[in-house]
């Protein structure tokens, strides 16, 4: 599509391990009638949180170690517009000592090929000092379950 | 800060060519009291649009060729929280036939080092057919002015 | 709950005529861990659009007469937080010559009582001149179907 | 403008006591090229917070008593679109035992008449129990300073 982008390797649903349903909103669309690019980064964030919350490994108000986003990325391959309903598919591609990298595909209903693919890097930090900490064991186990 | 990220090369104000002032909003902060990661992607988008609008090279309702975002990225190096006021510094790092890549640094008031650095790729398309088009001459000239 | 609000008349699902499912997002929560108030207004907007789109009476890119929001309101009766899934229930309470008033209840899964109730007023305007126009017949018919 | 709205009493800058500058964002605009209605509610929230933060009466992470929004409202009188810069003017119109009502006017640069006027009601609650509490003395004093 362009001479200036990451190679757009085809990504299908089978490449992802956890799926979160996401409803679009009227205000997601911008003046060109497509969902604004930054909205997708919020969906990526949400799909990842959906997995961690369902696994029971983050408690927003109490966990002593929390995940801070230090990088996000999204590549857009096709249009999404309100009122589409999408799914965010999540997989883990790297688990380090204090950080982890997730990849997320955004899928439209009934279509196997992703319309957008992105990633997000969490570094785990102490809630009070905000210094990097080793990934807690329960989070590491949850990440490993969807690691590819 | 992590074993899993792009190298965080220091970026200062002098590396950018156009600056847009951006006020944070109460709702930008998430439960961890920092601006949510996807908000930055919206700032990057806005800082770039600010340049193109001020140069007079895009008319949201009439331009026959419009810029679609096909990639975005942001790396977070320090916290930003409401009520901070930030500036988005813009430069162009690649101008292709139909697409261009911008880099944007996010700066806090009175601090020379960027707290976040990101990029965004526009592909220029025909408004009606949404097929890629050569970058129009006036947009190319504007991009060239802030190219590094 | 307060000495300074609209009376909080109980509102249950049976009082509404169309329901739209809405997934919350990580960034909807603010620093106090509840969905930010302005997000609800976006849900109200979206639930109404959901009805009009499903009825086939608005075409975002072509309808010659479009609905502009001239008033919105929301009263918050209980907390909603990500990862809650909510439903927006819609009814029409007034159909005038050029404008209409919708009421929307926000419901949590499995709970009959609304956690928030709001309204929104659309004035219908000519897309080009943006002057008020009589509500088109097809839209009027759709509004009437969910009028109480 | 409509047969179905609050009376649109003219509101000018002199009617408000504190002003917060707010920059619009590309994604604030919706498909009809105006800032989406729910974005204004976020501006109202932000303009009020701006006052309370500058007065030093709220500390997001520590205040034992915090303000929860229990009602919001906005009436739209004219269009605002990115890249407009606006100001939110704030005044307090009611101070009760546990709650307070603010009114906010949204002003475009160089124009004395508000393009939107809204209100917001805060009830003050204990951070832990989330039960209503008397408005703390320092907050009450700050509210009184901009009361009309």
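Note that the chains are named A, B, C and D in the order they appear, and that numbering of residues resets to 1 at the start of each chain.
Quick note on the criterion: a residue touches a chain if its C-beta (ideal position, glycine included) is under 8 Å from a C-beta of that chain, and two chains touch if they have at least 3 such contacts.
What you see is a predicted model, and the numbers here were worked out from it, not measured in a lab.
Look at the CA centroids: the one farthest from the centroid of chain A belongs to D. In terms of their C-alpha centroids, the spacing between chain A and chain B amounts to 21 Å.
Once the centre of each chain is set as its mean CA position, chain B and chain D turn out to be 29 Å apart.
Counting partners per residue, chain C has 26-27, 29, 31, 33, 36, 38-39, 42, 45, 60-61 as the residues that reach two or more other chains. The touch graph of these protein chains is complete, with an edge between every pair of chains. The residues of chain D lying in touch with chain A in their complex are 26-27, 29-31, 33, 36, 38-39. Those residues of chain D that touch chain B in the complex are listed here as 20-23, 25-27, 29, 33, 42-43, 45-46, 49-50, 53, 60-61, 82-83. Interface residues of chain A, counted against chain B in their complex, comprise 1-6, 31-32, 34, 36-42, 44-45, 60-61, 66, 68-77, 79, 94, 96-101, 120-121, 123, 130, 132.
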